[in-house]
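First chain written, first letter: the chains are A, B, C and D, and each begins at residue 1.
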Amino acid sequence: MHDLNPTDVNKETDVTVDTRDDAKTTATSTTKAETTTKADAKAASKARRGKLFADLAPLIGLAVLAIAFVLVGTSSGTNMGYAVETLINQSVIIIIIATGAIFIFAMGSFDISLGASTLVAAMVAGLVHNATGSLWLMLGAAILTAVATSLISATLAAVFNLPVFVTTVAMLSVLGAVAAALVQTTGGAQIRIDRAFSREYDTLAVKLIVAAVFLALCVFLFNYTRLGRVEKLVGGNPMTAKLTGVSMKLTAIAAFGIAGLGVGLGAFLTVLRTPTLTVTSASDIGMNILVAMVFGGMVISGGPRSRIYAAIIGGISMALLNQTMSIMLQGMAGGAGIAQMVRAVLFLAVVWLAASGFRTKVLPR
Amino acid sequence: MGSFMQRATGTLIIPVGVFAVVWTLATLDGASLFSSGDSLLILARATAVTMLTTMALAINLNSGRFDFSLGAMALASSTIGASVAINVGGGFPVMAAVTVLSGALLGAFSGFLYVTLRISPLVSSLGVTLLYEGLAFTITGGGNISFTQYPELVSFGKSLVAMTAVIIIALIGVYTVFDRSRFGSDYRSLITGQAAAVSAGVKEKGNAIKTYAVSGALMGVVGLIQASSKGLIEAGSINFSTIGIMFTAFLPMFVGGYIGRYSNDKLGYLLGALSMSVIGLGYSALKLTSAQQSLITALLLVVFLIFLSNEERVGRWWRKVKGGNRTPQQPSDTDAAQSVGTGAR
Amino acid sequence: MRITRNAVAGTAATVGMTLALAACSSSAGTEASGSAAADGGDAVETVKMCALVSDVTSSEALAFRDYYTDYIASEFPVEFVYSDELTDAEAEKTAMEGFIANNCQAVISFASADRPTQLDMAEDAGIYYAVATGALSAEEYETFKDYEYYVGAIGPDAMTEFQAGYDMAQYFIGEGDTSFGIFGGGIPYYLEMHINRAAGMLTALAEDGTTSYGGATEMGDILGKIYADGTIKIQDFESDVYELTGYLETWDFDAAWQASMAEMIAADPDAILAVGTGNAILGSAVDGTDIQIGDIDAYTEDNLVAMENGTLGFLAGKFTSINGPIFAATLSAVQGEPYRTEDGSAFALSQGYWTATSAEEFQEIVDADNVESPVYDVDTLSPFVATGATYDEFADFVGKYTFADLVG
Amino acid sequence: MTNDVVLTVTDMSKSFGVVRALKHVDFELRDGEIHGLIGENGSGKSTMTSIIAGSQPADSGTMLFQGAPWAPATVNESLANGIGMVVQESGTVPGITVAENLFLGETGQFTRFGIVDRRAMNKKASAALEAIGVEDLNPATPAGACDFQTRKLVELARVMMYEPKVVVIDETTTALAQDGRDLLYKAMDTHKTRGAVVFISHDLDEIMSVCDRLTVLRDGDIICTFDKDEFDEGAIRAAMIGRSMEGHYYREDNKATHHDEVWLSATGLNLENKLKDVSIEVRSGEIVGVGGLSHCGMHELGKALFGAAPLESGEVVSRGVKITNERRAVRNAFGYVSKDRDTESLSLTASIRDNIASAGLRLIGKGRAGLITKRAENAYVQTPIDQLEIKAPGAGTIVSTLSGGNKQKVVFGKWIACGTEVLILDCPTRGVDVGVKQAMYRLMTQLKDEGKAIVLISEEMTELMGMSDRLLIMKDGRVVREFERSADLNEMEIIECMI
């Protein structure tokens, strides 16, 4: 995470205005000049507060949602103990996959096939478990499959110079077909693993351990090693990164590898949580991780402002919101539609706040 | 840009080639591409839907604006149009007018949100998708809208003439608006020279909102055609289940971009859509399962992209092989691929 | 100092504490309400029943829902909470978690992606669980029949589904039809209901001596072949009498699908046998041809219109209030009187379809059973809600489900 | 020169935040003159002209243009009423035609019922281009297909088309090769007959030869104005910097020196039509200059030496290692400063710290198993910040907020911090002010003395002559001539072989 400490923010504003000649030369900076009024000091501190606020918006969103959840839940007699556990159950897979995916998004790439690869990895894991009965082989299979699929996308994109997004659009279709083929191998509609087995391991402890280990790894790699810096550098300006000696191919492969690991672990937990896998399983994951990341303050175009914590914040926020909405709208016809509209509005509001310190004269792209 | 022959070849090589390959494969398999009387209608309808979606996607993607909400706009506008026509009456004209108009309004609102919030268009479109899916769901309470009792509302999609007319009108309309009008001139200047155009007085916000409105109107027409070809509107689609249609537009968009180098990208979108629809007929003639179909389509997308991204390399290699010294057809860096790069690398 | 990380930590701590406190403080309370529900007894207390639904859009699903929320909820001391559309096992589990957290006292499940998980969750949480319009497989039944909170299942079992397909084909054969198209719906997704129905259709055709499907003529073999192929292959259909002119599956609506549909219709069969939603998907396409559709769906207005104008020739459908008995059994269980078989197991009862082959029959059915005045009305159901009725009496009641039985 | 005053600026002030960019300046522009503005980055010259040309408002002060109060709200309004401006950055839009660029935002004049009459537009565009001496440009050509210089001329044509009374030309020549400059000078001379020109440049020689009068700005103040007959390089420099320039601007010595080891050796480089059989050797402690016209291939050569160009044949070797890509280059202590600083050498939205650290992440993590702590990173970054005197409140400052000179220092800092030994500099002083330039030259000299190998690619002949041990001149993708450093290098002779 690249943060600004308060003094930095303060001084930075001064620098913004210290660039008289530069400021006017591009339309982008002209805005700064134009919008800065005579009340300089006021404006400067306002800008500083704006950026600080923007940085905090996802956290504020999380806090507000948590309070709303507790208030709504308590007042409607919800079993909060169970509800909190549910919260973790429902968000942990999204958080893991999304946190891994941040490595991809930080470098300005966009992978839309993560949901599909979760499904395929989960299916392979399920099949391996059914064949061997082993937990560890199943975990290994999930990770291997996910990393392999992820690396195929990365390699295709890197070797042939393809836009990652469209490559993953193609991967989405391919993985869908693979999932259909995998199901067909069982001669039935689903891949199902032993209930007793999944119940044994589908526990809070397993989830928290897997999540803690993986998230710690991600935070470490992202914030304390060369990899994270390089991902952000590539996201900020790929050309510069290249001309600074960063290997785009290796960087992409590393990012996709970690994302693949996350998908693998997510798939592993998916099998434990829902031991019955069909071609439509995990279909929501692909988009939900996107929403979670953005909700948590991730800049979708990546770059220096990427944050590794975004998925955690966003994932929990989404789960809180979903639960609160379902408590409030339970039993209401069309409730799902209204809940989704509320979700949309909140989503846009948080993103808007998070972007508030970083506006330019031209529209963002 | 080269001679007429060169341009004609570049323009037609893909659609003609696709047709030849698909026709040959079908014939070898003993099947016919146009096995039923409805084949032409299906071809026209699929071409219309794909072309409109491709245009709706491309006009914003060219400006680096990625739009997940295309399907949601089609869904919401047709839901509104059908509900009004069923509850108020007025038959197909009312349904068509309300659908396209509400499509344009939904598009404009989406654009308005984007320029007002000033957030990444991709992110804004995620929110809009949720919003419009939720809207359609709320209107019907999640139920489907069925036209079994109102066959007159859906005869539109069963008319070859109507579908052909849609294609022609949309092509001419979109070409006029984006290539010949003042709006289009501003639009194109904003694509590649955002900052310069804005400082020269081009109104970017208005232009963006209008572009979104056009995109929404096109998706309104798509919604209309889909409602009539399915005979129902699945208004209960939520949780991003409407985004699938967007993916069908990528390949024709790239094909269109390629063809656009030789003639015009709008014509390219038509020919790209036509090629995809021919391939669709081929799938049916060859009796491929849907898994096989999606696999092949995905491979085609990847192969074509590889070709586009490595055209220079391919060209260089080709010149080496031929040993000749033909002037390289310099690719203007595949516009579409480029914008996808900026919008969502 | 790194503001953002501190803020993250701070917020996380605050959120965590809030949640933890809320969790602890309320768990005692729920404990109490949970046991109150288990004790039952008090008939005046409103029972919170939750419905898991995989389909929220079809008119059948909406009619079922209206019957519960409009009719039943106004006649019995219950409130219904419906899930969103549940597309997969994960969604089902999520919805179950929500139900349990929100103190549902019983779950009536229409969603079948992962029944074992639902059953386990209900059992763990101590809330009643019932299967509506469906059945557990034999294997599943053996596993779960002794669960304390498993109420039982009422609905068409595999055989009923098979029979519905069989009856449909038999009807059109009886009409003298010889050429057929088949709409296979969710067969490639291994939707068992659809596979069973399709097997029924093919088995009916195969009763003619010259006819076979992939060499098979028996129900079991045909079923096996469909499972193996994941589709129906018309080239494997052999007959001197009948002709299979086309086959269509899924609801893709893309160009290839449309072409396949057009091809099936262009072949001009006498009838198209649909495993489900035939009129909704194909109705407008066959409009203006002589092709009739045989369908397994619900008694909706759309289907009535189709039957009136001749598009729909045969309809097997669940009637609106078909879920009355399972509700009665569930409520009875919540109020302390679950129905158990002689050996103490949960019940597994079968109910089939009502069929209509003319607009008149259709109208009779609609008139006899609708949300305002269902055949399973309060007077019919009340005797089976915690009144001391035995399992055999209940089973007998459920078994009399035909139009003739209920309407007369 | 008629000496009638066309534009008067009185008591103009402008602040950005707490910084005062213009402090009560007074300025007079006379009819028929070419008036040069010179000053370091941030001196206020561009701020003043941009206010005059309507791209931003002043905080206080008044302007009189041809006797009437002048306060344009937009660039277009200013242009329509007689004052136009050509800016430093490319103002053209690549995706539309030359004609559409000329009438950008103004296509309304050709529009009937919303449809643009392209034939009429192209015709008018051709006329406008011919008016400034550009003859052979089809206005229907996409601007993106034109070279940088042509696009610049299109911008000039766009301004001139409005026949403004006053034209402001802001550092445009940096982008132009000699023929383009000649067209520009000619256009300016022609314009003198009907109005006045304000000409901003960093190039003292150029400004002295082109202008009739010259105003020096420093720190938001107008220091003084020179008439043509008072032009004196030393005096002007002194006015700009506020002190007389100490020591030499370029290298002091006149002799080519270097160590023996060859650190960079390229042989037989071929790249499309841009490089043809180019070979070059650079030794330790040597600065090799590469000059030529913009499109002679020297920029491509810079990239090729760094392993960043898809060579058709030939190889780049450094101390036994083939440099096949950028990664290998950096691993072998290469550094590359691009001429497109913002797009190729910096991550603008990242901080100074991030940018400087980017090339040395391995070094920072060295000895800690790759662990990069905040402290180690800060320590790593602080050295070049101090050494290069990067003016910023802190290492966390976002680079996009820095001035051009400071940005370039960040780029240099990135390469110096990681111990670069072979430095490829492509136009390293483009768009930076004199003070920073001087610092750069000193740094290059220092690096040379430390035994580093430097390739200096530049479009500024004086800079090349002033800094290089050897000077290679390129033309049409080939190295056509090589000059050894000596006191009697003849600039004219060098330029001869470029053209």
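Just so it is clear, contacts are C-beta pairs under 8 Å (C-beta built on N, C-alpha and C of every residue); 3 or more make two chains touch, one makes a residue touch a chain.
Since the structure is predicted, the reported quantities are computational estimates derived from the model, not experimental observations.
Enquirer: Just to be sure I understand the contacts, which chains border both chain C and chain A?
Expert: Both chain A and chain C are touched by B, going by the contact rule given at the top.
Enquirer: Compute the shortest path length in steps from chain B to chain C over the network of touching chains.
Expert: When the steps are counted carefully, the minimum from chain B to chain C is 1.
Enquirer: What's the farthest chain from chain B if centres are computed as the mean of the Cα atoms?
Expert: The chain farthest from chain B, judged by C-alpha centres, is D.
Enquirer: Quick check: how many Å separate the C-alpha centres of chain C and chain D?
Expert: 73
Enquirer: Could you put a whole-Å number on the gap between the CA centroids of chain A and chain B?
Expert: Centre-to-centre distance between chain A and chain B: 28 Å.
Enquirer: What's the distance between the Cα centroids of chain A and chain D, rounded to whole Å?
Expert: Chain centres of chain A and chain D, defined by C-alpha means, are spaced 41 Å apart.
Enquirer: Would you kindly tell me how far, in whole Å, the mean C-alpha position of chain D lies from that of chain B?
Expert: About 43 Å, centre to centre.
Enquirer: Touching two or more other chains, which residues of chain A qualify?
Expert: Within chain A, the residues that touch at least two other chains are 4-5, 26, 30, 180, 284, 333, 336.
Enquirer: Could you pull out the residues of chain C that touch at least 2 other chains?
Expert: 56, 84-85, 188, 230
Enquirer: Pull out every residue in chain D that's touching 2 or more other chains.
Expert: Within chain D, the residues that touch at least two other chains are 55.
Enquirer: Mind giving me all the chain pairs that touch?
Expert: The list of touching pairs comes to A-B, A-C, A-D, B-C, B-D.
Enquirer: Using the touch definition up top, name the residues of chain D that touch chain A in the complex.
Expert: These residues of chain D touch chain A: 15-19, 21, 41-47, 50, 55-57, 59, 87-89, 220, 306, 308, 325-327, 329-331, 334, 336, 338, 343-351, 354, 357-359, 361-362, 365, 370-373, 391-394, 396-398, 400-404, 414.
Enquirer: In their complex, what parts of chain C are in touch with chain A?
Expert: 1-5, 7-8, 11, 14-15, 18-20, 22-27, 29-30, 33-34, 56, 65, 69, 79-82, 84-85, 87-91, 93-94, 97-98, 100-103, 113-114, 116-117, 120, 125, 188-192, 227-228, 230
Enquirer: Provide the residue numbers of chain B that touch chain D in the complex, in ascending order.
Expert: Contact set of chain B toward chain D: 176, 180-186, 188-189, 191-193, 196-197, 199-202, 316, 332, 335.
Enquirer: Once bound in the complex, which stretches of chain B touch chain A?
Expert: Residues 63-65, 113-115, 117-124, 126-131, 133-142, 194-196, 198-199, 204-205, 208, 238-240, 243, 247, 250, 254, 290-292, 294-295, 297-299, 301-302, 305-306, 309-310, 337, 340-345.
Enquirer: For chain D, which residues count as touching chain B in their complex?
Expert: 55, 74-76, 90-96, 100-101, 104-108, 111, 114-116, 118, 142, 144-145, 312
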